[in-house]
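One structure is given below, represented as structure tokens, and several questions about it will come after.
For reference, chains read A, B, C and D in written order, and residue numbers begin at 1 within each chain.
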Amino acid sequence: MLLSVRNLSIQFPSRAGLVRAVEDVSWDVNAGETLAILGESGSGKSVSASAVMNLIETPPAVIPQGQILFEGHDLLQADAETRRRINGKSISMIFQDPLAALNPVYPVGWQIAETMRVHGIAPDVAQARVIELLARVGISEPERRMKDYPHQFSGGQRQRIMIASAIALKPKLLIADEPTSALDVTVQARVLDLLKEIQAEDGMGMVLITHDLTVVERVADRVVVMQAGRIVESGTSAEVMRNPQHDYTRRLLDAIPGRAGFSDIAAGRPMLEVQSVSKIYGGLARQFARLRTQPVRAVDDVSFTMAKGETLGVVGESGSGKSTLARMILGLDDPTSGVIRFDGRAMQGQSEAEAYKMRRRVQFVFQDPTASLNPRMTVQQIIAEPWAIHPDVLPKSQWRTRVAELLEQVGLKPDHADRHPHQFSGGQRQRIAIARALALKPELIVCDEAVSALDVSVQAQVIDLLKDLRRDYGLSYVFVAHDLALVRDFATSVLVMYGGRIVEQGPVRDVYDNPQHDYTKALLRASGVIPQQAA
Amino acid sequence: MRHIILALLACASPALAGPETEVKIVLPAGPDRLDPCEMPRSVIGRIIKQNVVETLVELNYADATLMPRLATSWTQDSPTEWTFKLREGVTFHDGAPFDAAAVIAAMERTIDPALTCITRTKFFDGVDITATAVDPLTVKFTTAQPSPILPTLLAQMAISSPNTPLGVYTNEPIGTGPYRFVEWVQGQDVTLERSGEYWGEEPVITKATYVWRSESSVVAAMVATNEADLAFSIAPQDATDPDMDKVYPNSDSAMFRLSVDVPPLNDIRVRRAINLAIDRTAFLGTILSEEATEATQQVGPNVFGWNDSLTPWEYDPDEAMRLLAEAKADGVPVDTEMRLIGRPAMFANSNEFVQAVGEMLRAVGLNVNMETLEMSQWLEVANKPFDPARKPNIFLTMHDNNSGDAAFTVYFKYHSNGRQSELHNPELDALIEKAATLSGDEREAAYNEVFRMIYQDIVSDVPLFHMVNYMRIGPRIDFTPTIANAVELQLAKLQLKSS
Amino acid sequence: MPSSIPASVTAELPAAQGRRKSAILRSLLRDRYATVSVIFLLIVLGCAIVGPTLLAEQARALNLKGRNAAPFSLDAGWMFILGGDALGRSLLARIVVASQNTILISATAVLFSVLVGGILGLIAGYRGGWVGDVLLRLADAIMTLPSMLLAMIVLFVFEPGVTNVILVLAVSRIPIFMRTVRAEVLELKQRMFVVAARATGASTSRILLRHIAPMVLPTIINLAALEMAFVMLVESGLSFLGIGIQPPEVTWGLMVADGRNYLGSAWWLAFWPGLAIMLTAMSLNLLTNWLRVVTDPVERWRLETEAR
Amino acid sequence: MGSFIFKRSFQSILSLIFLVIVVFFLARMTGSPAMLYLPPEATQDQIDAYNALHGFDDPLIVQFGSFITGVFQGDFGNSLQYSRPALDMVLAAFPTTLALAAVTMPLVLLISIVTGALAAYHPGGVFDRLASLISLIGASMPNFWVAIVGVLVFAVTLNVLPTSGTGTWQHWVLPVAVLVLRPAGVLVQVMRTSMMTALSSVYVKAAKAKGVKARAIIFVHALRNSLLPVITVASDQAAGIVNGAVIVETVFGFPGIGKLMIDSVLMRDFAVIQAAILVTALAVFLINIIVDISYAFVDPRIRHS
């Protein structure tokens, strides 16, 4: 038994009272084995791991009971210095967002070397080792790159660097807290593979904290499922996946997209026509240190037509230009070249008044509901704002009742109207955003990564909501996502974008059942819609 | 925290003034130039006058009499002609001999229109004077108009070396004095050094460094801590140590000038009322030094022409109010707003003084509005041409007549053509013009009459005080300040205490 | 670290909308420093409002013989508990009376620069373009000119009355607010909820007033409170140079400046008004620290939930 | 970077031109100097002669023209008061103020960064409370008041420091102390806040997970990240030092540019005012550019963007 957590409880005092973050939690992991701790945000899945790393400040936090036995010694009894010596040497940890976890102002090489230096390895030795490590985790030209800074690497590379720093001293245990959820799907796969390899080589134990069942399925030997600070189910990942005992686990499994059937909807007359549209950024002043940047072809000669009642899935990874496309459809950006027609009328070069009219017919739901709702407005004000902007839609006297109706339609209570966004969970906030989108009875709603930020089970619920609205109001959607699986059972047709271009498009069934382009295949494989070995 | 600082500084002992015979002198303000022709300005005179550059004749400020300096004797040959015998064997610091030629050169440089030297603009403007050499040691001065007080004028003229550049200001005065100018570090200090070849008695002090500070409390502290040996003037509240702090009349007289043409001040009762409303004695020993004296007229006893028969105003608010009521009854607009105008740091605590007076005038029911004008704004109000639309002014002025003769006061303050005169009284004008031409007792009588008319018949202003300064003198130095120190400090007169 | 509190726990809790005010009040009472500062500031405000009407005469009554009366003696009556000034006027009375001008000047000056600077900042930040550039250059220029010097020159051109002093102080502070607002706006206009408003067809004025301005406000309020304290000090500096407020008008700054001549002989002349400035400055400072917390929506929400 | 500096300098020139124009005309609105330099008795002829001599009788625009042409030949005209080239006087006075600033700012930064960092490490702790109290007091005392009290305490009562003037290093202690007070007070607060943000970031967590020692976490990881706001505020404070210098130089008789400016405004010595403003403005813009560069030095993200 390498590490075993026994009956651990951790509590945070807050103004709202004592918060029981984890309650009587026990789990353990052996050398060479991978334990997945599965749960959604707020389930307390990462708290016990933080306790292992002594990252939980006590006070304010309290640990009323439990042990953390590492090779038989209880870390909770050990003094700070001892634990410092264990951190990074015997147990190391990588974090969800590598950009945040790497210190922006120091070269990556220096940061990797630091791990070794603080544990008494001579700087020059450390330097040499850094190069090996970078090479090991698959960073090309390590000698040169070690002098670069975090922001000069891609998301995947940063996580590899984190890993390099974590394995520098061949720790016995590696704790990975959501190591891939901030990464693009295809990159996720590669990073997970890397972790597996390294584990195989060094035979270290690994604790993998995640909300993503596909990740569990792929790498974990055993899994514990957490909900609201408690362990609700545990076992080998295979059996848990096969027949989940706890219904929470079952819900999680059902929520995994891409298992329901395709949605077929008769297409009506063309509504949105996009003709050889390109968007070129760069040459213009950027934010912060305002300097010129190389021109970037964000969207490159994209053309498609979308019929009324259709739901068009636009799939691609970060930088594929899918969001830029969405912004242009919303008229927030103008194409550098090409035309976008809505209902036969070109959106560019139309008068203020025309644009103003059109905005009423095209609404939107953005990725991060927290950011897209003004924190200083009440729900009432937020949902009613479109009417304030388009006064002729609804007389002020009816605002309240209408807001109440909308709230109910999106599954919230009318009395939520007077609250502020930060008083809701992510899913609820997104529902508010949807309610706002519905306020003007639009014909088309553009959803830009509308569910990506949400927990799997919540994703499913929101998608279902959108489906119902589609059914009830004959709405059309442009649904932008980075995960093919999501789109599969919602969209009627799909665009796959890569580097600003459309690499594949067609009815959802065709694209999924026989993908043409290699990239599409890679995507499908990565998002677990089709099994690893296939294709 | 503080202890650490102290520990840190314990080693550091403040810089003391130099060896025994060297002195450091603190002035209230630094010089802007050191040209001998600007000597009458106290900020310059206090450094160079009679130390670096000397005059033909020296004025005894105590009694306005004249003493020989570079001239041994002088005679008036005719109303427009004076002859001066020069001292023998005197040389300038640059080696040039002191003779008739040198005097003529100095005179010509002083009246050179290319420079706006105060000696010319203040004393020799329109005098139209020429100097000629009778022999190497005799000079004859001839003036267009009769000039009874030429020697007094010459007491203001510095005799600088004939090598002093013409037409441009110099900042390196060269004279015949006991001290030679060494250097002037801008914004920092001026250094003089005993020349060693002085024609007169060798002074004790070998070297003098002049520095300047504006904050009185700092100045006082400098002498108290032996950083400096002598401070020209410190505020009364800082003059707390009778052993060090010596008082001396600074020849300044403070008064309020009243704009006698503007109602209600055009009514003499109002002007009297103002005089009666101010409790002068209350200021002595409080805001002002108890050594300051109540003034009866614009000039002090040290000035030739001072009228000793005038008496100070009593403090009588009731009488003041009666007069005002009376005036009001006759339809004088006594409650028009009047400007009570002062200037920052005119004298120590002058701000407080003006505020207090303001309250006193309010007390008798006058409607005054205090204003503090900065120098150049103040001058615009002080000098003609006066703004025709001006409000009635109660205008604080300081006048220093340190040239010893009333002529330098009465013309420009009371003659119709005087630049700062509110008056236009033909009778008075005639008298002033006449007095200027007289000499001796007649002259004195004439000026006495002038002052009587102004202060008894006309009451054109509110005489306040003859001011004093406190000089703080360090323990090493033996010196008693006199009125002369308003414009000069003869280092030769400083003695060291034989300790 | 509160950030490590799991989101779910803080997620869905019924609001205490109606009780927010009382909640804020309670949080104020919880923060001892903030409470004390608020009380002190209220007292100052009270003095500023009623002081002059009550004590105007006591503040002007001369007593040259009893000048510089020492503090802490009741011989001259409680009015002289803080001692008397150079003209024998009650320091206590003068400080109370002076509070009006002091607060009036610093408050209006800051208010003015907040308004002007704020609006310019909004424009410079949202419109950007050459307008923004020009505005920035002007701000730079003003920032470069030592405010003391600017004040001096301007106050020589126009006489140093209360209004002009306010004006000068305001102008010299405008750039601070303009820059801050601009920086904030630059960041805010990228926020999704602003984009959302645009996508719904909201007019620029609506976006600025309904969405951006409210977000900038807290920062501005905090800054303003700090600036007020600073303005008091600058005003005092002007008086030191003799170009500030002119008697018989009086401010704390002027009192300190006048009192400095007596620091050697009668420390209390400059000490009490100086203390008044210092305490006000500190109170404002502590108050802003507390404001920073309540104006942060998440923090404020904690208060609400706590108020259940 | 280079192009960036070029851009900044260009902008600075614009502000500079604006500044020069404003100051030129504002200054002349304060009235004619003639009366200040002539005795009260001076006649109107004397005044006219004086104005003619210095060209004050030309129309303003003509005066401005000749001033500008002069500037481009590096000639700011002569000081009325000292009848010496204005630029020489300014350049003579400038080093003192520069030296004051050069001693003050590093001290300010050192004090505020160390204090702020330590205060932030245990927010609400004894040191934190003490630090913010002292910094608050420091930031809210009128500096001339501190200056004079300083003289009375350290020079007169304790007699460990000279009252005023220049010369030995002791002469610098009080002036610098007075100048340090306010900026340090402000910066401690800034540093504390931004340090607390840095300490709550993920990379600090990561560093702990690596086993980095507490001290290293503060002074190596968090410190550098929390410097940007400090630098920004510091640059404003540095520009503001001239204001403090005005007062410090007046009280301690330092021959610096602050006092020179005030005196020349009082004496309507326009040439000197203009030269002084231009030189200080240049200095401030230099500071700004240095600050921008130091941003890039502190934060590589700026360097590479």
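The definition used in the following text is that a contact is a pair of C-beta atoms (placed from the backbone, for glycine too) under 8 Å apart; a residue touches a chain by one contact, two chains touch by 3 or more.
Computed from a predicted structure; not experimentally measured.
> Enumerate, in label order, the chains that touch subunit C and subunit D alike.
A, B
> Let me spell it out: compute each chain's centre from its C-alpha atoms, then which one is farthest from subunit B's centre?
A
> Can you name the chain whose C-alpha mean lies closest to the mean of all the C-alpha atoms?
Minimum centroid-to-centroid distance belongs to D.
> Using the stated contact rule, I'd like to know whether A-D or B-C comes out ahead in C-beta pair count.
By number of C-beta pairs in contact, A-D is the larger.
> Nearest whole angstrom, what separates the Cα centre of subunit B from the Cα centre of subunit C?
46
> If you average the Cα atoms of subunit B and of subunit D to get two centres, how far apart are those centres in Å?
A distance of 38 Å separates the two centres.
> Between subunit A and subunit C, what is the gap in Å from one C-alpha centre to the other?
Using C-alpha averages as centres, the distance is 44 Å.
> Which subunit B residues reach two or more other chains?
Only 215, 217, 221, 374, 376-377 qualify.
> Mind pulling the subunit C residues that touch 2 or more other chains?
Residues 1, 156, 260, 263-264 of subunit C touch two or more partner chains.
> What positions in subunit D touch 2 or more of the other chains?
As it turns out, subunit D has residues touching two or more other chains at 30-31, 148, 152, 156, 250.
> When you check every pair of chains, which ones turn out to touch?
Pairwise, the chains that meet the contact rule are A-C, A-D, B-C, B-D, C-D.
> Provide the residue numbers of subunit B that touch subunit C in the complex, in ascending order.
Touch residues, subunit B against subunit C: 215-217, 220-221, 235, 237-238, 240, 279, 282-283, 286-287, 344-345, 349, 351-352, 354-356, 358-360, 370-372, 374, 376-377.
> For a test of understanding, state which residues of subunit A touch subunit C in their complex under the given definition.
Going by the criterion above, the answer is residues 12, 14-16, 19, 21, 41-44, 47, 50, 56-57, 60-61, 228-229, 287, 330-332, 355-356, 359-360, 363-364, 366-368, 371-377, 385-386, 388-390, 418-420, 422-425, 428, 436, 440.
> Which positions of subunit A touch subunit D when the two form their complex?
My answer: residues 53-55, 84-89, 92-93, 95, 97, 100-106, 114-115, 118-119, 149, 151-152, 162, 165, 286, 288-289, 291-293.
> Mind pulling up the subunit D residues that touch subunit C in the complex?
11-12, 14-16, 18-19, 22-23, 26-27, 29-31, 136-137, 139-145, 148-149, 152, 156, 182, 189, 200, 236, 239-240, 242-243, 246-247, 250, 258, 261-262, 265, 277, 280-281, 284-285, 288
> Flag every residue of subunit C that touches subunit D in the complex, lowest number first.
Spelled out, the residues of subunit C in touch with subunit D are 1, 3, 133, 136-138, 140-141, 143-149, 152-154, 156-157, 176, 229, 233-234, 236-237, 240-241, 253, 256-257, 260, 263-264, 270, 274, 277-278, 281-282, 285-286.
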